[in-house]
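By letter and in written order, the chains are A, B and C; residue numbering begins at 1 in each of them.
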Amino acid sequence: MTRMRYAEALNRALHEEMARDERVCVIGEDVGIYGGVFKVTKGLRERFGDLRVRDTPISEQAMTGLAIGAAMVGRRPVLEIMYIDFLTLCLDQLVNQASIVHYIWAGQASLPFVLRTQGGAGAGAAAQHSKSLDALVAHVPGLKVVAPATPADASGLLVAAIRDPNPVVFLEHKLLYNTTGEVPEGDHVVPIGQAHVAREGTDITIVASSKMTLDALAAAETLAAEGIDAEVVDLRTLRPLDRETIARSVRKTNRALVVNEGWTTGGFGAELSAVIMEDAFDWLDGPVRRLGTADRPIPYSLPLEQAAVPDAAAITRAARLTLAG
Amino acid sequence: MRNAPSAEDIARMYRQMLVVRAVEEQLAVLHRQGKTRGPIHTCIGQEAAGIGATAPLEREDVVTSTHRGHAHFVGKGLDLRRVLAEIFGRVTGYCRGRGGHMLVASAADGLLGGNGIVGGGIPIALGQAFGFQLDGSRRVAVAIFGDGAAQEGTCHEAMNVAGLWKLPMVFFCEHNLYGLTVHARYQSSVPDLHVRAAGYGMPGVMVDGNDLLAVHGAMRDALDRARRGDGPTFVEAKTYRMTGFSTSDMGGYQPEEEMREWAARDPIARTRALLATMLDESSLEAVERAAAEEVEAAFAQAMADPFPDAAELDAPEYAVAEARP
Amino acid sequence: MSAPAQTVPVVLAALGGEYMESALIVRWLVAIGDRVSAGAPLVVVETAKASAEVEATVDGVVAAIRVEAGAEVEVGAVLAELAVEAAMPVPSTAGSASSDRPRESTGAPAAAGARPLEPRPAEHPAAERRRVSPAARRRARELGIDAGGLAGSGPLGRVLLRDVESAAREAMAARRRSRVAPPPADYRRAMATHMARAAAAPQFSVSMDVDWSALERAREAVRALDVAASPNDMVVHAVSRVLARSPEMNAWCRDGVVERVAAVNVGVAIATPGGLAVPVVRGADRLGLAAIAAETARLGRAARTGDLAPDDVLGATFTVSNLAPYGVSEFRAVVSPPQAAILAVPAATDVLALDGGRVVVRPVTRLTVTADHRAVDGAQVARFLRRLRRALERYGVDSGAPENSED
């Protein structure tokens, strides 16, 4: 185990996979000479050269197509889209092209590429650089979507994503890059599609992912002091969703709160809520509660942004409401 | 200096053009009889461009095609019966009936693939060329698109990157004067699109798209250049769509005089006239008879082929192992 | 959870109705220290008529096991102790739970035991439909309780899972205090009418003594195989095989017309709180001993909770009535129309017998078949009994009965 930052864990995974497999290449804005705006691609160009580590023009649409085409002919590209907000520019290539190839072509080709991007509020980056668009991509069959919360999961899931024969959208969070945690040594792989129980509890299940998992764990500590023993399920993968782990937890606690940093209406929390209804209805002692970002463009000014986006205190309040509902 | 195609080569391409024409005319008949499903986009009048662009390719070269790709499928050497089976939604089709006529793909033949999104395939060809560059191979990626797609952002983004990185790629534009139902004069800032190549650091070539040898020659030059590592070429083939946008097009926007003018330049008649200077009449008739028989047999077989079982819907969402052309 | 644990006893409840006095502890399914949730089976017990599992009705940890496997215990005995944690707190209003709020204690200690049995009252009219959480609804269904009739402790009076659990515990306690309530009058009346019709048929009885040693040996073998089968299951097992070879006995007689039935559907008479029930093991000749035992256990549970479906009680082609647990030495049962015959199984009696010149003691059971003379004659019944005796005296768990017939 080595203690490292989330960004360092990602960087280590990229170094190891590029060294392990020469088909892996890294493309994106600022990823080469500068090492990435969040320093996730630091040192790669120096080590692996400017053919395999490519700074690109600000052409998100073409770069997404580039990743698809390169994957189609046997490369394993890792594309960095600097902000999840720019994912809207990639959507035709992701939704109309990448997602359909394996199924519509009846298995003639696979698309082993990773689209890394980061989202989330809390840095004062305002309405076009603070969103969480998990639901947008998790809606699409054929794509895999992961959203790790810890350095260990970030590293292990990135390795799994690079080795996966399908397009994987890898969601990071700008406030997680400087968080630290223990990361296992060696060939550390976290399988895609497996949630895990980040904290065991008996009174209520809080389902979360990415940064919201850390906030849910903090909320669970506050709740514990009140005598409420919360269980936190960290999804890690949004698609394909590990329904089994969610259902098992809710069947144990009989109460469920789902948390996602995306907008509330039509957000990923709605999917989680529906899944709990389908898989664990007969074990519920009250309605599922959903917590997401307020249904407004994310405003800039600090008090406005804080009011819009869930945090540990909001999760604590929502958990109490869930138990009272 | 390249070798000019032999009489045998021209006769082979003539036969392919006849096959495409016969297929599309027969599809139009079947469409009126309600025996096809969904819209069908034909390239009647554009066969010299479509066959001239694909026939000179080697098997390991790849093509991204369009929604109007029948000539590309035939030129790239796909099995006509399986193309037709795909069009009729049969399980023997290239995509087991999941794709339909716009989404035919054959990984084994490097046809990757048809595309229902205007301009959608261009950045994918860019990525394929990027992969070939990394591989150091002599393979070339060809993006075929129309004058409509030339106005899409993907085209401009991809041309910039291809010119910048000197990728082994050909941008082949079938300029048929209409984007949907609207004449190019209402869509394009310039009447001749190849002039844009200069802005992207690559040569631009314009040819008579109804002249098989002219198209073939321009394409051979562009392929040679790409294989030498000198980068991409933009080939603009001026041609004309002698039918509507699709089978659902009500027509009425193509002036009579324009239609008559282009009918006089029908590429099939011109190719026949050219061949008549090289082959005797009975040889020509033999080619024509062979084409007709091939089409008749392929239709009979494809239409007798079985539909997929509805249970095939549940084919896996994800690839479990890498598959590539 | 840091709340202090308390222990609650797991008590042997009357599984088989008012006649049950005791049960044999066959096998423990849990060990000390195991965490169990409500509904989890704890121990397999065997009564005179059936095998059953005693379930936990609360979540907890097995703190002590009071009786060893192999022991016979009386109803009401404590089988084990479960350590349970104090119940979770109930936030009173939305978002206002204070941080230092003490946990509430559960009050009365929770009991555990076999499923409590309460007759299901009629559904409440829609207008009076109470709020019941999905979890409470599911648990109530399992327990045969009407959740809508309970007092809810949740928001807006919603009945929660814990309310159902506590109602179940109360029902258990009440049950232990007073024996089962008398069965509904209309059930007894229906049974009386049916029996009167039966008495109108010309019936006769034939008895035969059967050496019960093989069956008792098989009982040991069954236990070693971990199959929860009672002696009566073995009798049904053997009877079904013999019936398959004796089609004249596997018949219905309606208005004097005899119909031999292809399926062998063996009715098993069971005493329930509501009176006698005769659920049916369908296609018994095609089921192995374990499957027969599982089916009689299921039917027994359903009979006791009043959950028998029409399919569970209709279509018997032959009935086995077993009064061995009551120690009777011989009895005749009444044929249930339209069936052609019924087998009465009393308790075995030890008799002295000669075995190779030595005097030995053997358990012998006097089987009696009562039959409708319009369907079968005395010789046919005697032949059936002889086949059955042979099957039982050579009983093997796998075969049920030897295939070769002596005639």
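Everything that follows uses one rule, which is that a contact is a pair of C-beta atoms (placed from the backbone, for glycine too) under 8 Å apart; a residue touches a chain by one contact, two chains touch by 3 or more.
The model shown is predicted, which means the values in this text are computed figures rather than measured ones.
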_Chain at maximum distance from chain C, centres defined as averaged CA atoms_ = B
*Skim through the chains and flag the pair connected by the most C-beta pairs in contact.*
A-B
_Averaged-CA centre spacing for the pair chain C and chain B, given as whole angstrom_ = 75
*Quick one: report the Å distance separating chain A from chain B, using the average Cα coordinate of each chain.*
40
*How many angstrom lie between the CA centroids of chain A and chain C, rounded to a whole number?*
53
*asked:* Using the touch definition from the top, which residues of chain B touch two or more other chains?
replied: none
*So in the complex, which bits of chain B are touching chain A?*
62, 64, 94-96, 98-99, 103, 105-108, 112-113, 115-117, 120-135, 139, 141, 153-154, 157-158, 160-161, 164-165, 315-325
_chain C residues touching chain A - in the complex, by the definition given at the top_ = 1, 88-103, 133-138, 154-155, 158, 160-161
*In the complex formed with chain B, which residues of chain A make contact?*
25, 51-52, 54, 56-57, 59, 61-75, 77, 92-93, 96-97, 100, 102-112, 141-142, 144, 165-166, 240
*Parts of chain A lying in touch with chain C, wherever the complex brings them together*: 202-203, 222, 225-229, 254, 281-286, 317, 320-321, 323-325
